[in-house]
């Protein structure tokens, strides 16, 4: 196995049972994601792109097949092991930001650090650095409802970054934002990929957003469609 | 482990901070628990107040002698001869002159008008001698003076004054054909004696056609708590059909009369507690539903499901403990020290005050915690099982 | 109601919540039903008291005695139909704690004055003929396991026989029942002659008298006549209607009805808050659907009614189940071997419960129903 491979999906199948029907989302899917990649996954709704993202994030388990992250299998981990794995390796960015409404920006960003052994001083430093990176140092004390959508998403990005994970998983990160704000967010992701070496996987249905990625795969009915778009 | 606890702590704090968003549901749960606790404590304080009033009445330095099986002073009766005979028993303390320290007393019932409902109720009138005054602890004439032997004069207990009309100092009271004058008010530190009227024993004998008979004898024990010598004396004389008990035991038995009220209070508040539990469960399930996306997001970030469980449980406990405290404080404000009277063992009104002791307070909080614990457990279980994918689903 | 199907679907959409709110309502109505049965039993002594019956007691207090000679003098008073006299015996059976109400009476007049105690003519004759006979109420006989024909010893905690014994032997001649289900059957009656001749206390005194008058209208005149008769004698009397006497007696224990009413109110208040909140919440969750229904052409009034009917249904289901459970509790209490008045969960409790169901359903439904009524389609649909 090459050192350059961060994620390796081998023969993944995913099936749901719904009433008397079995719905097959994927059948025997293979996929490799290189370290430092910025991958956009596109596809119509129901194509399985969100399920794929969930499996990459250890939120959902494949029915069969292996998910190998950094040389280790993650599909066999228990729920709490997965939680710990996510805490160390994955940062999530959601379509609706999912900030805790009762915590201010700074406290929201700090959350993942509470799962580490870092002391209070160090946590404060890291939070400040993450907010700095998303240019929101001046909004540190603001509550989510006092921030615009774009600002909230930047706080969410800072939260995803703060524990320095290798991987950022983004689920329609610009789905709830206007064009200009979306572009700002996407430029930020590009920067994180380019200058900080974060591997980014982004599910989107917006071709404009996909343009920011290094490569784009198209998913349709659980299969990759060979259609590479220019970056 | 530090991470484990700080995780839980973080989630607990976030849960608590999010309470204002579910203000009304949370207040409903708090309110329900507080009413249940207040109801419980009202009943317990009533039973406890009655028990303590009577427990405070008796002492083990004094023995009380009644006719066998009479169970109360009212039902007992004994002749002058019996009294004289008992007074010769060993085990009775003696005064400086070498005479046994005892008091033969009468116990008759008269009517009084209760302030609370303007209806007649039974008040005990005790025929007593100056020697009998010496057998009451903490006795104090707080107003006026002692009655004079041979005259139709009475001193009234503070409890009577509080609950009944027309016994103020200087008032004339008519019992049947005879008039009596209130010449003093006495206090015995809150004991049941304060629910009584006291008058000169021979005067009561003649005015109530009691001849030379008495009803009970009180005597000071040589050794506190030791009634054995007197008991043996009584048993060895077939003429004496008497019960001998320390005053402490005598009143402790009578104090149990309201134990049924305490049990009734428990049953009632546990049943009401089931209703409050339904409310708490409703609130907590709603809370878990409202926080599902937050819980899932935290799980996605890497928080464990134990933290989600504990956070929910803590929220439920917090609400119920707040409710318990509110209920206990309300009970304390409204009921502690509340003066009431009820029929005691001698068919007479015993004036007592509700008492909310720390142990009752604790009982109330225990009930609240029980509601919070059960009301939180099932919703917490649901919180722990919120699927992480919920974080990816849209909608506010 | 064409909307019944929709209302039922709305009601059952969250079965757990429905269960919890119905359960809370159930509990409150169970408490209401049970305590009301208790309260009615306590009040029965007052409610069932005969209007044409008076009680004559010593003016000092009803525990003070009267001379037996008074009985004949009262009998001679105009408009008096019958007079009986009663002495409290202080009876207990085997255990001093097992006390019960036992009176020495003159049998013949007693059954005339207190005609709500039902025994057959044969039993009546047998009792009058048996000097050591007693009649016991159904409830007390059951709690001590007495059978008619049995010979039992009863102790007195007040009196003793001339030889010093405190126990008397009695023949249980009859077990009486009450004319009304709530008539007290916890008392025992025996012959005054037997009592007067055997006890050592000095004889020929009575506790109090029961007097039957020709007409309740004449009560006042009879009361005045009796009390005048004994004014300024060593034992003055006080004559009161039985209702007033029983009421004062019950009140001696304390203000039971205030306590019971407060508890019931507290229970109702709790569910009012719980159910009301839950209704508001469930309507808020349906904002979008209500908006959709309005666009489909459902009128605001119709939606208002649907919400109100829903909350009424919750109150109705919980309330009726609760009162039914109270009926069960009441029969359990009645079967328990304890000396309690007979509890009856009568039609009046059901009627009251229905009234409270209506009030509760209305109060808990009105706010969410108003919210639904006022809901603006555009805001309802834009609120995602």
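So that you can tell them apart, the chains are marked A, B and C in the order they are listed, and the count of residues begins at 1 in each.
Going forward, a contact is a pair of C-beta atoms (placed from the backbone, for glycine too) under 8 Å apart; a residue touches a chain by one contact, two chains touch by 3 or more.
Since we're looking at a predicted model, the values are computed, not measured.
Peer 1: With chain centres defined as mean CA positions, report which chain is farthest from chain C.
Peer 2: In terms of C-alpha centroids, the chain at the greatest distance from chain C is A.
Peer 1: Going by C-alpha centres, which chain is most central here?
Peer 2: B
Peer 1: With chain centres defined as C-alpha means, what is the inter-centre distance between chain A and chain B in Å?
Peer 2: The answer is 64 Å.
Peer 1: Using the average of all C-alpha atoms in each chain as its centre, how far is it in Å between chain A and chain C?
Peer 2: Taking the mean C-alpha position of each chain, the two centres sit 70 Å apart.
Peer 1: Measure off the straight-line distance from the CA centroid of chain B to the CA centroid of chain C, and report it in whole Å.
Peer 2: So the centre of chain B lies 26 Å away from the centre of chain C.
Peer 1: Where in chain B do residues touch two or more of the other chains?
Peer 2: Expected reply: 395-396.
Peer 1: Provide the list of chain A residues touching at least two other chains, using ranges where the numbers run on.
Peer 2: Touching at least two other chains: none.
Peer 1: Name, in rising order, each residue of chain B that touches chain A in their complex.
Peer 2: Within the complex, chain B touches chain A at residues 2-3, 6-7, 10, 14, 17-18, 21, 293-294, 297-306, 388-389, 391-392, 394-396.
Peer 1: Help me check something: in the complex, which residues belonging to chain B touch chain C?
Peer 2: 24-25, 28, 31-32, 35-36, 38-39, 67-72, 74-75, 77, 108-111, 114, 116-117, 119-122, 175-177, 208-209, 241, 268, 271-272, 274-276, 278-279, 281-282, 285-286, 340-343, 347, 349, 395-396
Peer 1: Show me the residue ranges of chain A that touch chain B in the complex, using the header's touch definition.
Peer 2: Touching chain B from chain A are residues 50, 53-54, 57, 59-60, 79-80, 83-88, 90, 92, 94-96, 98, 100-103, 111-112, 114-117, 159, 171.
Peer 1: Would you pull the chain C residues touching chain B in the complex into a rising list?
Peer 2: 16-17, 20-21, 23-24, 27-28, 30-31, 58-61, 63-64, 90, 92, 96-97, 99, 155-158, 160, 164, 166, 201, 232-236, 247-248, 251-255, 263, 266-267, 269-271, 273-274, 276-278, 280-281, 384
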